[in-house]
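Look for chain A in each of the two complexes below; its partner is chain B in the first and chain C in the second.
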Partner chain A sequence: MSSGDAPIAELISEVAHELRTPIAAISGFAELLRIRDDEHLRLEAAEQILIGTSRLSKFVNELVAVLEADAELTIRLMEARARIAREARP
Partner chain B sequence: MTEGAAQRVLVVEDDAMAQSWIRLALEGSEFAVAGTASSAAETLDLIERRRPELLLVDYRLPDTVGTELLRDLRGQGIATPAVLMTANLERGFNEAASEAGAQGTVLKSGRPEDLLHTLRTVAAGLEAFDVRHPKRDPGRGALSPREREVLRRVAAGATNGEIAAELGVGAETVKTLLARTFAKLGVRKRAEAVAQAHDLGLL
Partner chain C sequence: MKRVLIVDDDEAIRKLLRMTLPDDAYEVVEAADGEEVGGVLEEGPPDLVVLDWKMPGVHGAFVLDELKGRHPTLPVIVLTAEGRDSQRALADALRADAFLTKPFSPIELLDTIERLLRPGSD
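Our next item is the complex of A and B:
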């Protein structure tokens, strides 16, 4: 990996952390619901699962927005490059 | 297990969902949450007030990383056995945790039995490092290019602020990179890091 890849690796690690933390918690609450019969736990686990799915949903929406913006920029750059190439032709 | 026999665990975790899950996962076990710190800054005060028998520390904290917090605590003479948690599988995480003074690591998998097994092992005076973390590569591979870059600037006498400005990153990033580098090299001071890196031919 080159030194320029380090920030990318850090970013990927951050994104993975942001996704895995709520996934682990949701999975953990589901596991507790499976093995324990407790009304208090049922209410709190359900509440936390809803919070976790909402958090994941927001994060995924943000990721999609970033990817869309990135794709749009790439398309514009490709169009600009094609236009410049056309205009540069004699 | 009776209330009186409960082992008191201080949880250092800033994520509300994870805090809630840990509390519920420990309910009914021989462990009780003695308190929850959301940052490294809150941890020392809670340790002094609650006197926990175990520390359960998340790696990513808002003001530092778990290994650096543990290193600070050990430096202050606090020997409470500690388990470090992380959501990601990280190469060399067990080695870094051990060097920082942890007795165990656990991956945030959401399985209460994993957490309880780790806490029970460490409470019994043994070590419990999560084998799912890949082992650290020996020698040069232990430091990433960016970590070596930071270390080279440290060797040249630059401050964290100067390194941050030179690399175009935040001061917190430099702090994190240095903490990782120190952990990988098994040192606690900048001068030790530079000397160790020279010895290993990393600079």
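Our next item is the complex of A and C:
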């Protein structure tokens, strides 16, 4: 990996971190539900699974919005580059 | 009764760890970041620490280094969403006793805690 890839690697690491943490809570509470018979735990685990799911959903929505904005900017840049190239032709 | 310190900025993970550890066998104390660890240690060292790696403020690596400097035999489990080999190598170099990545199995974590607390495990 070149040094120019470092920001991308850092971004991927950040995204992975933001995804893995709520997934860890969801899967962990689900596993506790499977192995423990406890009413208090059942209610708390269900609540935490819902909170984790909501958190994941919010993060994915934000991520998609950022990617869409980035894609739109890339398309505009490509269009501008194509126009400049056309206008520069003799 | 063994005293376990959980250091993690994520409330849901702290709650999960607290509920994973049977309360008839473990006393759980919590710190929401590296800066809170010092205050907890003033009450006496725990028997084991479960330490998040990537936290706002003081990074887990600094907390681990400080813990091992003050209490070399204190078992520390790094529990992290950061799965890169370089981070595992750093945790190893700083003498982490175990390195588990999120998502993790609560059963696997409990097994690891029991193994590290077993007499003669060090």
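Just so we're on the same page, the second predicted complex is superposed on the first by the 90 of 90 C-alpha atoms of A that agree within 3 Å, B and C clash if a C-alpha of one lies under 4 Å from a C-alpha of the other, contacts with A are read in each partner's own complex, and residues count from 1 in each chain.
Please note the rule applied: a contact is a pair of C-beta atoms (placed from the backbone, for glycine too) under 8 Å apart; a residue touches a chain by one contact, two chains touch by 3 or more.
The structure displayed is predicted, hence computed values, not measured ones.
Counted by residues of chain A touched, the larger count belongs to B, out of chain B and chain C. Contacts of A:Ser13 after superposition on the shared chain: both chain B and chain C are touched. Of the two partner chains, both chain B and chain C are touched by A:Ala24. After overlaying the two complexes on the shared chain, residue contacts for A:Arg89 are found with neither chain B nor chain C. Residues 13, 16-17, 20-29, 31-32, 35, 41, 44-45, 48, 51-52 of chain A touch chain B in one complex and chain C in the other.
Against chain C, the residues of chain A that register as touching in their complex are 13, 16-17, 20-29, 31-32, 35, 41, 44-45, 48, 51-52. Within the complex formed with chain A, the residues of chain C that make contact are 10, 12-13, 15-16, 19-20, 54, 81-84, 101-107.
For chain B in complex with chain A, the residues that touch the partner chain are 15-18, 20-21, 24-25, 27-28, 60, 87-88, 90, 108-112, 144-147, 149, 169, 173. Across the interface of their complex, chain B is touched by residues 1-3, 5-7, 9-10, 13, 16-17, 20-32, 35-36, 41, 44-45, 48, 51-52, 55 of chain A.
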